[in-house]
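Structure provided below as structure tokens; questions to follow.
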């Protein structure tokens, strides 16, 4: 499968080596309005630089990986679908629910394999948690607790265009909740606060938030988010069921334990999401290949993105 | 200090040895409408059996420990205060907010040292968590997560008179939230479900619940409760602040680790609250002695009981 | 069972409340050459002060607990046995193998229930480890690793009369090795060093030591000792078998975890052996009561003390 | 730097992608007597297949990575040194001390950058432990405990030519001990047993072993090895110093915790050494590049291999 990568920025640079290393895919083309970035990445992977239009028109391109800026995603998905390319798109599709609905409609009219980059589902720890739940290890799910904190806030300029904490950050946790519980959540309440940076508040956003949801069958979900955790990247999930509880803990920078008169010191969790989720990005790409070439199902779809965005919207209105 | 113990049931039997073992207190009298229980406990501790009226009238009795059934608490507090005794009372004062307010008024008119038995504050682990927060180890508090699950539900008869999950069980967590954050919570949302036993639902109660609260300064609190945890008594708290996070983990039955081809097996958390909180009951009694004899402050007061009951009421109405 | 306690020092004060609290034993008499200590302890427990001779002669005394200074143990055991008293004796019986052999012979001639205070076997964690091994959880034992470090060295005066690290400190670990493996150890090698205090070396002892042993069936045992561990009382055991590994970890002062930019800080292990082994001392006394009154077997005997002392002697000669 | 890889077997296949991925090295040639293996590996990395003689003679080859069978190592090192190539060689150089001494002499006469593949030193966890020790976090080293167990024994045919447990397996731990303590060990005692497979005993080897060593300054080291650990690959180190203790724990397959009525189940340690030490192999190659191109020192040398082999020989004679 020959791939055109749309977007040569940070996240594009994460995906490129996975495309190259995968035995069934080749990075054929890089598309980016910033020419030097496009050329640097293309050269590194023996790919060519193309314009977006050329990439969609080129019949030798089988699939596109959309890692451009968010405001380009919806358009690019529609054009790629019209061109019959398989599509892997970084989340979010768009920050506006109506626009995402339109894209979903377009995809119904132009059906191609399409997957959304909710990378956390593919982390080996999250995947192991889900597998054990599906195997019945904790019985019927009753409560889910999701704790998600970033090491520090992104630049205020990013926050202003990000859609806010709920649409940019908590959307990952909302997706995880829907994925684990496998139900929709008619009831939702949200609370937010500004503790990290008053500029975030001035921009109309919060930097600290809690959401509680109740699913159709009565599963209760609690999600906690903060834009800052001094101790590193904090990503934990705990699922309580009729027969037990299952949880995943953070991955520490090393397994060193230091015992002194000050106590026992363990290493912090890994600090940066690209490092923490390195294996997830590899597994995610492999899943997309299986979707496109083998027809694998149960992968994050545009409907998943749409539903999580709707929940984020409701939370943002309440908080 | 000579103590009259009102109530020779399970919780009275927990307190009696602590009264006896404390160097500054003596168990002088046991009061219980069930005569054989009163005599058995009194004999074991070289105390006498008295009627309630006699205990309040006896000038040699300095203080009462109220461990009777909940519906007797309010009356006994008022009588003890009128008689000038120092009062330790098991929670709750009463299930009705108006009645507790009346008791609080009575105590203002008859001021005596009075402490409520929120035992969890005195557990060495909770106390160490609070001390480190007060010492500034995590900076300013931003979020609190409280997870509290009982090994199994009490008998349905008990549930029917208990005031329900929020007033009987979550009230401990509400107290802990107020104690840690040291602010009131004007905003509260609650969700509940019946997962453990449909009879609990039939009795008008829930057995699974989540509450989110927002304090005056914007601290967010999440509380999760279940009447059942197959793996034992689950009592954890995690507090996230501007400079870090502090948490307490469960106490396991032993420190044994078993590593086999099935993984690494740690022991379950201690199963029963009397065993889990044995040290807390001792420390709680010591705190009351310091309150009565040394004037120590900052101990759980009737106002703490009242405010937690108001939060429980609001949660019960929403869930 | 009425008990005479020989020795009102630190360890006698640990045992006294357990004797009193046990439903089947009463502390009847306290014997100690230091009169004020004897009276203080006796008064606290409603016991009388007696001379040693009087205690052995008193037919109402059923058993003695020997917690006197080490150089008195052997004599007192022999006199108590001659007087037909059941005997609980703190380890060691004596520092001289020949003297212990003589005591063992005396006990054969004057058979009474007799138990040695190897308290560690009765710690709930060690007991749970042994129970799971006996239940076959790790298959056949192949290797044992014992790590034992004290928070700090005892006074140099104590070290000079203690018999040295191997006879005073490692003897506990040698007993644990024999108890777990349930075989003798014909092969032993030892190495020692002086790292903690040169005065200990000047006194002819070591403060740091490792012993390796091989049992008759080929089980390998490694024991590590240090007189100092800045992080508290370090007592761990790990047993590797044909089907898995089982270990016990230290007990921490509390379950608090503090996560900051410096890492995750857990509390130190409990610092002091009386606090760490509080439950062990209670369980140990209960075991002795079952030995004396119910004939329970498999408790630490004088032969166990003798064999561990022989191993300690061999190690001391090699190191 | 253009590399000739000698050996296209399992370990050669581990190194090849690291050579290719490193920005300063290229895999130029593959040498292997088994032609199909050589071609398969060469094709995958755009390298050519060469004879050993051609590789040494080719002036465009800057360095060789020796991953051939053990009995070829010594010869290949000498030829590569004579040809002026930088040399990375998998351990061991040879199983015979005299032969290794001869190779060391040859290298003195033909000085080239040369590094031995003691991969464990480059594992991020081992490296973090060493860095914290070097930074003085535990003060002066006093005791080291190394526990090393393989998931299962290699084929008996391999064991017969491996030099035995001490020269094949414990040599890694002996190197780690020398690396951490940074002293030689004049005193050593060893004990061994056959618990895993009687065929190993019939081949004159042991499958379970303990070694204790004492360094020139009195640091005590305990090493435990087993050819089998049902729970996975067990590799832990604990270093005790004057100011504290530092240890590294195993890396588990995932961070999942499952709490049920059977206890809390953590995942097993990673099972296979290539997976467990994936990062170590990458870091090791990077170190060699820095040695060859930048003159970095303090990397595992032939003298390190020689000294560890001498210790292994002494242990094998005693056990």
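Per-chain residue numbering starts at 1, and chain names A, B, C and D are given in the order in which the chains are listed.
To be clear about the criterion, a contact is a pair of C-beta atoms (placed from the backbone, for glycine too) under 8 Å apart; a residue touches a chain by one contact, two chains touch by 3 or more.
Please read these numbers as outputs of a predicted model, since none were measured by experiment.
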Centre to centre, using CA atoms, which chain is the farthest one from chain C?
A
I need the rotation angle between the copies chain A and chain C from a CA superposition, between 0 and 180°, in steps of 5.
180
CA centroid of chain B to CA centroid of chain D, Å
57
Could you please state the distance in Å, as a whole number, between where the Cα atoms of chain A are centred and where those of chain B are centred?
42
Touching two or more other chains in chain D are residues 229-231, 243-245, 259-261, 267
Touching residues of chain D toward chain A in the complex: what are they?
124-125, 128-129, 132, 137-138, 243-251, 253-261, 267
Using the touch definition up top, name the residues of chain D that touch chain C in the complex.
140, 142-143, 145, 147, 149, 187, 189, 191-195, 208-210, 212-214, 218-220, 222, 224, 226, 228-231, 234, 238, 240, 242-245
Can you list the chain B residues touching chain D in their complex?
229-231, 252, 259-268
